[in-house]
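There are structures below to look over.
The two complexes that follow have chain A in common; it is paired with chain B in the first and with chain C in the second.
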Partner chain A sequence: MNEPVLRVAQLQKIFGNKEVLRGIDLAVEPGTVLGLLGANGSGKTTLIKCALGLLRPTSGNIMVFGEDSWNLSAAAKARLGYVPQEVTSYPWMRVRQVLAYTAAFYERWNHAFVQTLCERWHVPLEDRIGSLSTGQLQTVGIVLALGHQPEFLVLDEPVASLDPSARRQFLRTLLELLQDRQQTILFSTHITSDLERVAQRVAILGDGKIRFLGELDELKERVKRLRFTARHDLPTSFAVPGALRCEVAGSHATVSVANFDERLVAEMRQTWDADIAVNDLNLEEIFVEMHDGAHV
Partner chain B sequence: MALTSNNVTVTPHWATLLRQIKQVCMTYVTQRYLWIGMAFFGLIMVPNMLVSMGPQHARRDGAPTMAFVIGMPMLAAVPFLVGLAKSQLAHSRARLTPQFLPAHLIVLAGILLSFLVMLPLFAAPIAGFEPLGLVALAMAIGVPALWGSHMRRFTPLLVSLAVFYSLLTSWGLDWWIVNSVQHVKIHAAIVAFGIVLASSWIWRMSRLREEMDDYQNAYQMLFARRTSTEAIEQRRIVANQVRRSSLLRGVGDWWHSRLGGYFGGGMLGLVRILTYGLQATPIEVSGLFFVAMMLCMGVFLTQFSVLAQQGGDTGIVMFLVQFGNILPGMMAGELLAQRRPRIANEILLPLTRDQLINALFAASIRNSIVLWLMMHVALGVVLAMAGRPFEFRTILALLLLSASSTLAVIGASLRVSPWPSRAKRIVVSMTAMMILLPPLFAWMVSKAAINSATLATIVFALTAIGIWAIRSARRAWLNLEFV
Partner chain C sequence: MVETPAIFEINPNSGVPIYRQIVDQVHAMVAGGTLREGDLLPSVRQVAQNAAVNPMTVSKAYSRLEIEGVVKRARGLGMQVLPPSENGSLDDRKAQFRTTIEPALHRARQLGLDSQQIREVILSLLQKTQSDVVTGGSPVTDPEKKATGGPPVAT
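The block that comes next holds the complex of A and B.
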């Protein structure tokens, strides 16, 4: 079996008195796209920065391509690409100069591929970095991260500043990359519809811990919404084991469950003498249910 | 609790305005570095004021002290004031918050009035000089500095500096301070013109709109934490500066066209490539500006100043050496510190952490050495033009001391460079320099009494401090987390 591209074991990160990550375990296998989801402040960016060696873990281990992330070799870094939440570059340089500057560090920089990306995304090569809009700068950041065609691409909310058209084009390119070669991607975003298009696996982060890690399809199979319609009014004591959220209104109830099971539904039907409709949820609804459910 | 209420208490307008003024004043007095700056200047100003009350009262001997008391606050505080005012008024809240402008503009006008009028009026009777000349002097230094800082242009600042440096000549002291009674009409005209320009600056601040070229807020550059909007604004300021200067554009583009392809894996190639990320133009070009400053100041001080006429060679050389030391020394750490957000990305370039930090340090120190050499060649030209005889031993000793103290300053500036707060970096590194440069000055004042062994010890000690600080800085950068 292949060695995971990224392996995180018992990762803890504390800033001052604040424990941001609390014992994270995570592995990203080669050729997979792992979507990272979590509310604001849940620790997604901290996890990514620890994984890339930008932050030093308080405790625990992180290995990238089998190397300690804090002391990555040049060879390992040549296989890595990163698009940060906030792209920074040299404001006085023209875009083409920044591309040439970055290319100068990579032995295998793909100039033709970069040119194609710049044409496709209408990158203004002659403009200075300082005069670009936030979205344009983000696009440049994506081109810079893809130019050496990394094996492992880490994206921290890469499309947050892009317009819908640019976002769509970016996702298209990402899907093309996934078809062409065995690309491994760690993709953090709040735009769940994007994740549904590209990610096979998802990790949901909450309060510094991984709340779910697995296949996206498995998550959708597990989290469901149940709509109860009973013959009589449901009592205030109405409850469903393992419910994330439960709303009762007379003879109707809406319940979200984290571990859906057909046997549970049959049991509930009998217990409450009710018709139960089972609804599938999309990733955004699942995320909201899991996030709100944790704070009820 | 209801968010809205019909029982609104109507407060008289003046009371509201007073309350707003109090809150605006709080935005100034809660600045920690304002108090540090005021304490620093207080330490210098108060003794000077006291001296001018003594035997020098109303005499020509007291004029240089007065020039310093009036001139320095203008040059030091005005850029800070402009920065703070812009952080408040070059902002959408200045347009969208009701009644925002009156209180802010009143406070701004009050501060300008204090600096440009009240301070000279207060100092004049203490020192025994005519108040009008001192007010005109404050206006002539302060108002161009105000507009120069506002527009981020050097030419108006040059006027301020020229007026300030004219006070180092006997005719300048006479014209502005000692014989100001003879120039009442011109001084009155300068005061009137200054009031118009200062008022027009306040008017301009009240009219700032985003599409204007001077709608720029560089104030947050001083501090550790910036929002993404502030980062965007600072990016734009740099791009605008390059766009405005055809020289900067031309040289920068020519330089960047020499980037070439893959650096080849060697240390020298890596240092060469990383140098591109330090400045918009090569140091060999940007350094020419400082060389020109050194030549202008040097020729002026050695040929025309009061110091030259009084035979104060040591003082002049001390000042020029200080200029030639501090600037290259400070540059090493400051350029690295400003690059920090970009180093957070560069740390992922295909280089080990050691390779990147070593090469960045080498690039920064190389730039400092080049600038030091350029400025000391200019210093040599100045001294040669002055026609003062210097022994070879003196020149060698001066160069050794200057080089070793510059290395110590480089070390100090690199050591503080990982700190995110620019204000903190400046305060600490300036303090460090005050400690590191006295051996150089001590030698210059009493060089005849210092033998070679003592000199060698001083040079060795300064070099050791420099190397220790650079090594410590390197360790700090290697362990730096990019939050």
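The block that comes next holds the complex of A and C.
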């Protein structure tokens, strides 16, 4: 009954001789928001395009609403909404015409909701698509993706070109959809502060693999920065199990750990005869620690 | 009385999970008397909209508080504050306190204090907090009268 909306298993994607995705497993449960984080070129867009059947996987299995994503039925596609990284539309059409044209493809198009969104986001209905700014075009892309009230919304960097106030309004609209319709969302972005507001779960992508998949709260509770101040210089044997990054300078050390444990810290206080301060990290700091740590 | 949603100060970009922030703030408000027995927490919807955070996260915080026995789900009303109770058995509370002072004791050793000196610091702190409690507490005891030590004048 609680079948995942999206299930990705052992997804591999090779372009020429470049392996972009190297065995991805993930699932998006109905009514949840999964945030997708990753450095430039880590394969976020490739993953999203494979998930939507816009790219053919080299190997692996992807199911959307229980159907193979490469052979989605029209009925399944009608339940999907997608905001691509770069919105493309018909430059010679007016915004009002593009909305009417798109609406004609969907049985469940909600005209009243679209009107509300256009008013809220000051969409210039009479302007031609070709004359819009990048931010305005992105806003139109979002309206087009929401108009048919999709059950599963896939957002690939949807807010990159929006100003902070427009971004906040967009987030509030997403939160309303979550509250009122138990919307399912897959949300890829570089803006970690947005994910911290809307995502319950996060997937961190790096080098074509999933580095972390789980609850955002759990990630914040597990990844911590420890600051050691020892009475004497720390020995060369100094090491912390599960460390993402470790910097030692004389009697001081800064260590980021991926599996924080109060008892472990108490033990280390004794072992290294050190005072240890524990610092919380926000999502941006965690991302940097995981990303940089992997390349040391 | 229904509290306004702004009673919580939520910082989504802190390293502390949002649900944790809400749980900790409710604990603090109950301990500080801002929230009293029978008060209602703002609705999940109000808090989520006000702070622009996922409503599921607010729900998670409220469920946690319910499990901890701080609030109860009142039908048709929302989350209602329960009378404050002791948090766990005496042994539990002692164990909790122990984990708080252990690092402090370790630091004291690093600073080169011996057991006697540590004891003196703790005792003086204890005396200070005790007198705070007495002067700030209920008017049952009158510390000023006690301090003067004079016998009440009988007529």
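Going forward, the second predicted complex is superposed on the first by the 293 of 296 C-alpha atoms of A that agree within 3 Å, B and C clash if a C-alpha of one lies under 4 Å from a C-alpha of the other, contacts with A are read in each partner's own complex, and residues count from 1 in each chain.
As a working rule, contacts are C-beta pairs under 8 Å (C-beta built on N, C-alpha and C of every residue); 3 or more make two chains touch, one makes a residue touch a chain.
Computed from a predicted structure; not experimentally measured.
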Which superposed partner A:Cys118 touches (first chain B, second chain C, both, neither): neither
Which of chain B and chain C A:Asp275 touches, first, second, both or neither: second
Which of chain B and chain C A:Leu216 touches, first, second, both or neither: second
Partner chain(s) touched by A:Leu171 [first = chain B, second = chain C, both, neither]: second
Partner chain(s) touched by A:Thr88 [first = chain B, second = chain C, both, neither]: first
Dominant contact partner of chain A by residue count, chain C or chain B: B
Touched partner set for A:Leu34, first chain B, second chain C, both or neither: neither
Overlapping contact positions on chain A, where the chain C interface meets the chain B interface: none
Residues of chain A touching chain B in the complex: 15, 49, 52-56, 70-75, 77-78, 80, 82, 84, 86-94, 97, 100-107, 109, 128-131, 134, 148
In the complex, chain A residues that touch chain C: 32-33, 168, 171-172, 175-176, 178-179, 192-193, 196-200, 216-217, 220-221, 231, 262, 266, 269, 273, 275-276, 279-285
Residues of chain C defined as touching chain A within the complex: 12-20, 45, 48-49, 52-57, 60, 99, 102-103, 106-107, 110
Interface residues, chain B side, partner chain A - complex: 228, 231-232, 234-243, 252-253, 256, 259-263, 265, 273, 276-277, 280, 341-342, 344-345, 347-353, 355, 479, 481-483
